[in-house]
């Protein structure tokens, strides 16, 4: 099982002819992902690693039946690439690109509420359902099959966590990085719910960080879950961020610190680890 | 009964302090309409004919419980006035103002699809549920109570028809002018359905004119109705309108003429009169 | 409001769209100077608001300087479908490798804007639409009023825009679309949009219709109308808030409301008359409007009788009466007038008219029959 | 990016907002000329990115010419909360009849923009928010990203804007909101926004923070940062795509990814060390980035050991290795470096490093412990 992607996932890559797009095309194929096509406007008709390139998402979807899109397009053009996938009702869109302005994401968030597609990211590493499909930039060799579902706001810290869990014999169902930007398409709660409903996932690992209140909100949901959740919060020792004027204080009212997140999660029954090794121990306890 | 408005309708007038707003406030009160408040930005706190004036629709609705708004605001500001009523979820909004640009109405039409309010108009005479409430600019004395529901795209032609029907002893339930603009909030079909469901309405009169295809679409609905519909189409002898380039021909493909409307309506079982006197005869036949 | 081709191109040029250099001329004598400026060969195009200019000899390519004045004179001497040619657009000719059709229109059925594209540009586009509809591509704006680059990209490929011009074409199509929206147009038609031998996109003919209701915020376009009206009487009427269309009959009609105005014309015809015009004085009348309406009708020498048909709603009968009485004082009303008044403030109006010994009917049919009876 | 007050006001002025005339000065000697230009009385304001300038003596009103230079010298001699005052904004003083608070902020929770207004303007606004929350009005943009005049009109009445200024206030608030959106700001704060004795609205203090991600399309704002950076090292780092925050410790950290970088700092602390910085080289590395990161860390004299912690995903380990080897050649690396490499192209990277006789750990904890051990 696992969540969101599996062996039936047909992937199209937006920005397939770019440096990152073409590199990770090869890595995804290597992992066994079913990459069926790619899109680079103006380069339709080519093929790259045997994968056909199209001018538009519509052409690609019509020709290949792609049902998942991954975006490697540079930040100024990434909002347009997301819009194109949403416009064509691609059910799952994963945006790797970092550096998309908040203004664009406010608008895209609105489109997501109106339409039926799911966006993961932006500024995320994508996801892998171990042994079945990898749609993202994670190094494939660090994952092992097993009963742990991982959700993370971070990229490389996710690899760190997955890798250490694999070393310790605690393999994974699906590992997903939801991205660290202020506005993201898929939140902790969305994924927690999917893991709660996934029969193969026995323990959930949630990797958060300081800023925003998504962890605090997730804690509310965790209270209702039947499966154990173990959390990790990075940035405990980070210096306080830059103040957003008086307005920031008026709006946020002091939430979003490491302390507030840890408190909320522990109150919800999810222990919070300070080191990855500690996290691994807690997960192992809950598997056994 | 009747449709859309009755003795429980609480009316607020947007543009109450203007020439037309204040004039028709008096005419509506005269008719017995329950006008509870008015809005003119910057003039809140006054009273006019005993009706309190507010700065915003929100203030007015909160204070008075108004559930219907009628707009007498000049065309450049009318779209803003409609938006304000929609934003505040006023269930029924009647826009008398003529001359609103198409661009504004495209946007407002989209808002109507998203929200729960109904707009009648713009560029319409409003409506009257005979003997109960008049929310509009129609001369009140021409209506008589009776079993005929009237829907019209026209303003003064509606008065002509209602007045002649009253003279002939064929009184009305509700008379509504939906407006003649290319984009209107409430269409023939919407109103036909309401009359079909109104127990007091026995015969429906539909007054159309050349241009657009609303009459043709209404004909499709009329086929499914249990009540008799008698139609009138003005502009049979009008010279052909100005061509909208090749694009107009490509988009419309020849519908919208008097002939196409008459043909569609007669095929749907609704006789089409050429003179008002003829219309009156056909209605009388169907009442008896 | 319909713009002349030369006005449409001026607007397109100001908005950075690719048009050939050129200027308008009102006499053959002005043309050589323009040709000096823009260079040969040139195209001389009659500026009249009708189709089929080319077939009527109103569009000619001139390759040598000596042919310029004679050709210009020839075109300025034409009358095309009843319209005398008063102006001439002189524009640099461009070679044409391929022709496309491009249009944006306010799409009443969809309550949106629709872009229409075809690889089969040129005069026969309507024929193509009927016989080969799949050669016509349509893109309708979405719930946000937008059309997207990826939509135009697909169309560009389907309609055969050369691949190396795709990006240029998309940029141009979206810029034209933005202009359509920003300028409150209801039609923007480029036919043909051409690819030149050098691989550039050029807008060769252009038709623009504007949204009259938006002219209060489009002063720059309103200026065009003032400068060179399609029909001076109609434009003047519009300035007073009157909606006027001249026709060939002899019963002058002044009515409030378009629906009632049309029904009045239908009734005039029914009783054997011929309306001289459509004239809607609109809602929220004032006395000045009515006076101007009378002036307009009186200036039409075909008019034998005048029919005033008013059913007051937002229009108040007393305003109409006051306007009519004003006209009575200032104008020479030399033809019989038949008035019908009903509705808002009818009683006040009747009193006012009675003082002037004018009677008014209550029912429309009565007044119409009287007006038609005048021969 | 946070703009200085004088930059914020320049931007506001360019956008037609009502600010008092004024200019920035870097020395007391420049001030008299500015005062001549704008007239007395003036306010001299220290340009430092901290709150509490007023209490620290960084804001002074000067009413006579002879006091101008001495006061300017006094302010330019201050250090406020550790920051030396290098620049001074000289601005015409304005009388104040009433003070308001006005802000627009990107509201992360609502995924929208929120306008914040209060009749209780001035320094104690946060206090007001806590103790008298109903004095703070919030308007959040709707699904179209819009805020409407009628919303601001209600707020204006509620916060006590004089009635005759309502229209002026609404226009200003919506213009500021539009500027916030158009210029890709994440904070625009006016505190106070004042009504003068003559009944004009003036923006007296202004704070602007921009969306760094949007600076590619906001060149005019990017210029401000170049001209007068808050922290030159951080700005330089940003130019190379590095995210750098200087701290007080002695373990220099180079990490890819913000989460991993924070976890690395947490671990450094856990094992008894103190991080000298936060440095995220970001995704999609290139060799130049790594070289610049090394340069930046080496320039910090507090650094005793350097910890490079890379888990390759979109960042490829071989790019990092190549960058490090490049730095090895061009820089004088005089402090011990501990490298941890895992992930994408790890094997290639290890081979490259081995050729230079450099070993790299596989696990983060090992490298962190070694770096912390250096004293």
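As written, the chains take the letters A, B, C and D, and residue 1 is the first residue of each chain.
As a convention for this text, contacts are C-beta pairs under 8 Å (C-beta built on N, C-alpha and C of every residue); 3 or more make two chains touch, one makes a residue touch a chain.
As the structure is a prediction and not an experimental result, all values here were calculated from the model.
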Per Cα centroids, the chain farthest from chain A: C
Chain pair showing more contacts of the two, A-D and B-D: A-D
Where chain B and chain D are represented by their mean Cα positions, the distance between them in whole Å: 56
Euclidean distance of C-alpha centroids - chain A vs chain B, Å: 52
Centroid spacing, where centroids are CA-atom means, of chain A and chain D in whole angstrom: 28
Of all residues in chain B, the ones touching two or more other chains: none
Multi-partner residues of chain C (each touching 2 or more other chains): 143
Arrangement of touching chains [line / ring / star / complete / other]: ring
Inter-chain touch pairs (all): A-C, A-D, B-C, B-D
Sites on chain A touched by chain C in the complex: 41-42, 44, 55-59, 80, 83-84, 87, 114
Residue ranges of chain A touching chain D (in the complex, touch as defined): 19-20, 23-24, 27, 75-76, 96, 98-103, 105-107, 109-110, 113, 125, 136-139, 142, 152-160, 163-164, 180, 182-183, 207, 209-210, 212-213, 232, 234-239, 242-253, 274-277
Chain D residues within the chain A interface of the complex: 2, 51, 101, 103-109, 111-114, 116, 125-126, 129, 136, 141, 143-145, 181, 184, 186-187, 189, 191, 207, 209, 211, 213-214, 216-217, 245, 247, 255-260, 262-263, 265-267, 269-270, 275, 278, 282-284, 310-316, 342-344, 346, 363-365
Touching residues on chain D, where the partner in the complex is chain B: 142-143, 148-150, 153-154, 157, 163, 166-167
